[in-house]
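Per-chain residue numbering starts at 1, and chain names A, B, C, D, E, F, G and H are given in the order in which the chains are listed.
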Amino acid sequence: MEFKARVLEHTKGTWTIYPGLCKGCGLCMAKCPKGAISWSEVLGVYGTPAVESDDKCIACGICQMVCPDCAIYVEKKK
Amino acid sequence: MANKPITGEQRVFMTGNEVIAYAAVMAEADIMYGYPITPQNEIMHYWTRLAPKYGKKFLQTEDELSAGFTTIGGVLAGRKAFTATAGPGNTLMQEPMSMAEMMRIPTLLIVQQRGGPSTATVIYSQQEVTMTTYGGNGEGFRIVYSTSSHQDLYDYVIKGFNTAWKYRFPTFILGDGYQAKMREACVMYDPAERGIELVKPTPYMGAPGTPGVDRKPSHMRNTYNTEEELYEVVMNLAKAYEAIIPEVVEFEELNAFEADTVIIAHGVVSRAAKGAVKELLAEGEKKVGYFRPITLRPLAVNELREIAQRAKKLIIAESSYGQLLKQIKEAIYGTDVEIHTILKPGVGITQEEIVAKYHEVK
Amino acid sequence: MAKVVKIALAGEGGQGVQSVAEIIAEAANEEGKEAIYIPNFGVEQRGGVSIAFIQISDEPIGSPKFEKGDIVVALSDRAVRRTRQYVGENTVFVYDSSIEGIEKDLPTNAKKILAIPALEVSKKELHPRVFNVLIMGAVLEATGVVTIEQAKKAIEKKLGYKFEKDPSLRELNYKAIDRGASLVREQ
Amino acid sequence: MNYPQIPKSWNIESKPHKFCPGCGHGIALKALGMVIDELGIQDKTVFGVDIGCSLLAWDFFNVDTIQTHHGRTTPVITGIKRANPELITIAYMGDGGGYAIGSQHLVNAAARNEKITVILVNNTNYGMTGGQMAPTTLPGQKTETTPYGRDVDETGYPTLGPEMVAAIAREGAYVARGTVANLRQLKGFIKKAIENQMAGNGFSFVEVLSGCPTNWRTNAKETWDFIENTMTQYFKVGELKVPGKGE
Amino acid sequence: MANKPITGEQRVFMTGNEVIAYAAVMAEADIMYGYPITPQNEIMHYWTRLAPKYGKKFLQTEDELSAGFTTIGGVLAGRKAFTATAGPGNTLMQEPMSMAEMMRIPTLLIVQQRGGPSTATVIYSQQEVTMTTYGGNGEGFRIVYSTSSHQDLYDYVIKGFNTAWKYRFPTFILGDGYQAKMREACVMYDPAERGIELVKPTPYMGAPGTPGVDRKPSHMRNTYNTEEELYEVVMNLAKAYEAIIPEVVEFEELNAFEADTVIIAHGVVSRAAKGAVKELLAEGEKKVGYFRPITLRPLAVNELREIAQRAKKLIIAESSYGQLLKQIKEAIYGTDVEIHTILKPGVGITQEEIVAKYHEVK
Amino acid sequence: MNYPQIPKSWNIESKPHKFCPGCGHGIALKALGMVIDELGIQDKTVFGVDIGCSLLAWDFFNVDTIQTHHGRTTPVITGIKRANPELITIAYMGDGGGYAIGSQHLVNAAARNEKITVILVNNTNYGMTGGQMAPTTLPGQKTETTPYGRDVDETGYPTLGPEMVAAIAREGAYVARGTVANLRQLKGFIKKAIENQMAGNGFSFVEVLSGCPTNWRTNAKETWDFIENTMTQYFKVGELKVPGKGE
Amino acid sequence: MAKVVKIALAGEGGQGVQSVAEIIAEAANEEGKEAIYIPNFGVEQRGGVSIAFIQISDEPIGSPKFEKGDIVVALSDRAVRRTRQYVGENTVFVYDSSIEGIEKDLPTNAKKILAIPALEVSKKELHPRVFNVLIMGAVLEATGVVTIEQAKKAIEKKLGYKFEKDPSLRELNYKAIDRGASLVREQ
Amino acid sequence: MEFKARVLEHTKGTWTIYPGLCKGCGLCMAKCPKGAISWSEVLGVYGTPAVESDDKCIACGICQMVCPDCAIYVEKKK
């Protein structure tokens, strides 16, 4: 099974969202220490907005950790 | 504290579960004990909202065994207690209900049937007929009303309390997930205004006076030491039960005693059956009739036999794999009217299907 | 026999089909008609496809469910797949034109198939939140089971408390109904 | 004097009672009868007996009595109390009824702080069914289903009921463990338990260490010895929770 | 560790419960889960004595719900697991059995019927027929053997394990308190020596290999989201069940296909019935026959119908208030042979009573 | 890279999973999936899911999974483990399934020291049936059956599950309470619980404080707030019983 | 049809009627006969009247219980009352002559009623403990279903381990059987 | 309901046994601090021997207290 990845390159890391997994719950957004996450134009699996991040992202990985749907993948740039 | 939520006659448009909660209040039920299960949950939701306004009580128990046995406790204490369940919860309720059956404790249990066996679906079925009429390790000394509409739910919840307390056999309102969750109109009323007298409960435990001094102690048991003792108890139950059958039996029919082909269905499916018969009659089919047992226990055996002796064909439609069918075959044993069936465990049956079946077999 | 109008509405959990169905059924009841609304419900609180079945008639209604609808509305790809079974030769099938990848799944036996840009219109012209009200307008237009006025009264009854606080919301909802109706009329 | 010295609340018509010779149930019910007499509550008390040898007490008292199902006395009594809080409601059961098949009711009644009194007779086995292992069977103890002795590696250690109830119940609950070998103390615990209900404080629970000479196959001396010396090693007698006293 | 307690053929004189424990060992059962209840206790007592000698296991659970569900667990793990119960315990067992029915988990449940409803007596009855054949919120996709003697207990416990694992429907050995507690002779044997092949269990959970890598994961469920899904599942169960009926049905008879009056009884009562028929035949009555359904579910419908079409009278004798009677009436629906009954809930029926009834009605 | 970073033991075919947006079950099962991966036990694990939202995980993992009845996962899993002790058996359930309808099984499995692991998701309500009171509902909390807020005088205080289990279980048992708000810690608890089973020590139990935004009707912020600030006031996070460490 | 001998033995919990019944049935089985022994059991472990039903025949036996016994033995007042129902016109009814206050409760339809001083004899001549064995002797004498020899073998099988330790016990038991038989013979 | 009393007068007290209640369990005997209780010729309710006391009795009342069947009544003489 494949899910389309939407890869966002930020200064500190690579931030990937799989809209096919994102249910738009906002848990990641509420937890992001940098306020880097916002609603996206891209719709998630239930037809509600998925999320996206911006360059404030420090690639701390919290959003990936808390997402109940494993819709986020964060890779720190070295 | 307000006295009654309904005065006069009121047309409402709500879910069946909400209707039941109102009906229980209007039947002067005192306390509901219950454990959540879909599709009966909203009975509890509405009851808990109404309860404090009308001096009623509620207890959410730890499981259905407890809901059934606390209900028995409430009844023993002299209150109108009731509970509600469905599916696997109904399976568990058979334990307390077998005690009520043995000891003639009036209980009212509302069953909103869902698919089975096992957890199955939370939606709809008519697969709890055998269990509700004859469940547990007993002989089915119970009264079971199968409802078909919100109006029935309102009417028979009120009636069910009266039946239970008048005859002292466990009484069941057998609804289903559709009736539970759908919205349709019905008319609510104050039973008193319609001349319906509500049977008052009496305490089995804790009546006034000191036992052994002012009165005999109430010593109630369900266990016997010899088989002969038990035989007598059960035969007495049978006698008492059989004596009330003529008063309790209910059914509805349309042209059933004149027809060649009679369509039999109970509960919500009877709506499709009735609709089908009306449609066929309107189309000019004259020899078609409709019969709906309202009490599934006791069953209207005499009427069913009369029909079976006259008619050429029966079509039995139910959302189970033949639970009503079995009971009807038993009831009309000795006749040999041809029986056709629409058996659809766990799914609804439409008027179209019944009409089609009629044309197929007639 | 009195004609029974049969409607099935299906969408994702968040799309609000159940409230639309409830409003339509209540509006019909208020108009003195017989109405039945039955929500589809499964074990999942969210996530499953949500279907609402409505029947409206001048006479008492039989089975709460039906085989084929007069109008069947599907608002997501999964909803399209789930509701095909309710489509027959007398059915008007409506779906949102933004749904992708369902070409092969569309019913082939419908009387009529309408793709309406409800999502787009509600997003661009109104507000995504009134998407479902727009759908209601479309359904009313397609079936005529209740008047637009009665539907607006029913909305008022249901959401009045919100409109009190923010009267522009009322405007928005009313516009959504009308716009929904027009989407069907235009086809 | 042809009328024996029995508690006033006992029903003499049903005596000699139906328990075996030397059964501890008789002593526990003597304690309860004396408490009912002392508190003068014969007219307000409802007694519920479980299936298990407890059921033999269905006509034991001149007190309204309901004999229920195995493990279900707690909910029946709860239902009665909820419906009519004026009544003083007592559930009487065995260790099998309370800690095994009815443990969900016991645990949840305690958690909900039901205003009822539960008296549970711990005789380390299933008496009525002929002596199988109970949750309270002692390590190494032989029963019909542990014919080679209870193996704690296989089936765990005896359930400590009052300790469990005390862990669940909150302020207002009364929890104690007495023994038929100390009637005076046992009577005191039962009295406090019922008074606690009457005061509307909360759930009250008394476990009674008791003898089952029939299934233990013990003579009188061995019976006393098992209760007084063996059982009390595992089951500590005393009060575990007294309202107002902290824990 | 000894291998088998029985080699060759051995005549023994013991209680039925003891016979069952031996039969389970000889059927290569691996583990018993159980909760005490009279009159089945001694099955556990003997099993726990035998278990360590033959590498078998036992778990005493906290109630019958747990006994039923742990048994299901044991089966899922690929072991031959079984349990035993009676009366109110059987009522509770309906919950796990409904899960087994839905998921086609082979289970063997031994029921030693006692009086009902409720706690009733610990002695004897045939009042658990309806519940054992059709209990729970399901459609009765089960196999029920009604035994009449210690020999039956031995034979059908061995057979019952095979039936359960071969057809994967919950299987029941329906005994009673008399059979449980009485002593009589029977012959024990090693099934292998009689050419009976024991069906081997396979694991439903925890089979070799990594799920999703080496093999598909075993994902078993009993809950469905839509009524249509459930309908398909239940109809498939029905189809599978009906397909095996011809292989599974069993009965015993004596002159039943030639007689004018056929006496029908099951279980221990069939002994009195058979005795009565033999006595009557010996007395020179020629037109009397005996029929005993061994499987109560599925019932020998074809044979019963054949008999009903030929005979003039049936006498149905059972220690219940008509539980077998109902099923027979349903089975022979369409015929109109005269039915007479001896219905004695919870007490034994003697040969003398049956002979007397015969003379009364013939 | 079109393959998301999900635990290897997750079954991608069934993703997105069936839980609501923002449901804590997803996080708890992520922790479990990671543990199964780390311990390399995907081939030996049997997962049992209760009725309750837990059932939505019936095809969640590439692990043999049995979806049982409401409250009955403990006995099913116990039955499996007893029959084949080689397997690693995990029972997954909600607070209703574990503390209400299945509490007799939980309590007795703990008492018998069954070598199984129970993971219980505490979301302070009955999620699947639409948000009724659970034994864990907080004082004053509104649910569908406590529409005016849970009244502790009427229905008692929230059940403290791990505390109860710790009071019943003996040496060898592992008992902890984690939260979906601390994945790392939760994962650690679950890992220890499973290792405890693998070591054959005894019963292991982890309660997981979790969110149910659907029935709580909370947005993401409120959900986190309720879990992290309100729930933890009543339910203390941490280890309650660790084998070898005393209590 | 082969004759079936039907025996009912009833007494108080401590009087040992069940072991007597078991020994008789086992002896019959050992002799190659068909035998059924069914204990009566109620909810009480002790305290209720204890009844044992035995049937012995040359052919397979039907119902485990019977309506009327060939011999019915009652060893206490309550036992007399409980067993009346098993007495018919072909029944020999035996009771202990020391039982008081049962004159009105004795069956009136028996073929024969025997009052035997079993309790007294066992107390005075033997030992109260072998009271039940003495009763067994009486039953065997009255029915002849098993030979005294076979019965002694069955006792040996059951109590042999006790006799090993104290051989005088064997003597006592054998004497009790013989004495019981003689009590019936003397009547 | 009446039970026949068997009244034994001892130096220290009056000791009454109701054989119709005594089941001969021996619990009283095992607890008597003075060894004053023994089996009696009089039979109890189950046809087994009832108990009786002798003059060693100090009327302490323990036997009355422990008897599960309330078959003993002790009155101290003053």
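Criterion: a residue touches a chain if its C-beta (ideal position, glycine included) is under 8 Å from a C-beta of that chain, and two chains touch if they have at least 3 such contacts.
Because the structure is predicted, anything quoted here is derived from the model rather than measured.
S.K.: Which number of steps is the smallest that gets you from chain C over to chain G via touching chains?
M.R.: 2
S.K.: If you apply the touch rule, which chains end up adjacent to both chain C and chain D?
M.R.: B, E, F
S.K.: For this structure, I'd like the pair of chains sharing the most C-beta contacts.
M.R.: B-E
S.K.: Can you tell me which chain lies farthest from chain B, using the average of the Cα atoms as each chain's centre?
M.R.: Looking at centroid distances, H is the chain farthest away.
S.K.: Find the chain most remote from chain C, comparing centres computed as mean CA coordinates.
M.R.: H
S.K.: CA centre of chain D versus CA centre of chain G: separation in Å?
M.R.: About 39 Å, centre to centre.
S.K.: Could you state the distance in Å from the CA-based centre of chain A to that of chain B?
M.R.: 53
S.K.: State, to the nearest whole Å, the distance from the C-alpha centre of chain G to the C-alpha centre of chain H.
M.R.: Roughly 33 Å, centre to centre.
S.K.: Distance between chain B and chain C based on Cα centroids, please, to the nearest Å.
M.R.: Result: the chain centres lie 35 Å from each other.
S.K.: Multi-chain contacts only, two chains or more: what residues does chain A have there?
M.R.: Each of 46, 48 in chain A touches at least two other chains.
S.K.: For chain C, jot down the residues that touch at least 2 other chains.
M.R.: 13, 40, 42-44, 46-48
S.K.: In chain E, what residues contact two or more other chains?
M.R.: 38, 62-63, 88, 95, 99, 118-119, 121, 123, 222-223, 225-226, 228, 348, in rising order.
S.K.: How do the chains pair up in terms of touching? List each pair.
M.R.: Every pair of chains in contact is listed here: A-C, A-F, B-C, B-D, B-E, B-F, B-G, C-E, C-F, D-E, D-F, D-G, D-H, E-F, E-G, G-H.
S.K.: Tell me, which parts of chain E touch chain B in their complex?
M.R.: So the residues of chain E touching chain B come out as 87-88, 90-92, 94-95, 98-99, 101-103, 115-121, 123-125, 127-128, 130-131, 134-141, 222-231, 234-235, 238, 320-323, 326, 329-330, 332-336, 339, 344-348.
S.K.: Would you pull the chain D residues touching chain E in the complex into a rising list?
M.R.: 51, 55, 69-71, 96, 100-101, 103, 126, 128-130, 132-133, 135, 144-148, 155
S.K.: List the residues on chain H that touch chain D in their complex, please.
M.R.: 1-5, 7, 16, 18, 20-21, 23-27, 29-31, 45-46, 48, 64-71, 73
S.K.: With touch defined as at the start, can you tell me which chain D residues reach chain B in the complex?
M.R.: So the residues of chain D touching chain B come out as 9, 11, 42-44, 46, 51, 55, 58-59, 61-69, 72, 75-84, 86-87, 104-105, 107-108.
S.K.: Quick check: in the complex, which residue numbers of chain E touch chain C?
M.R.: 223, 225-226, 228
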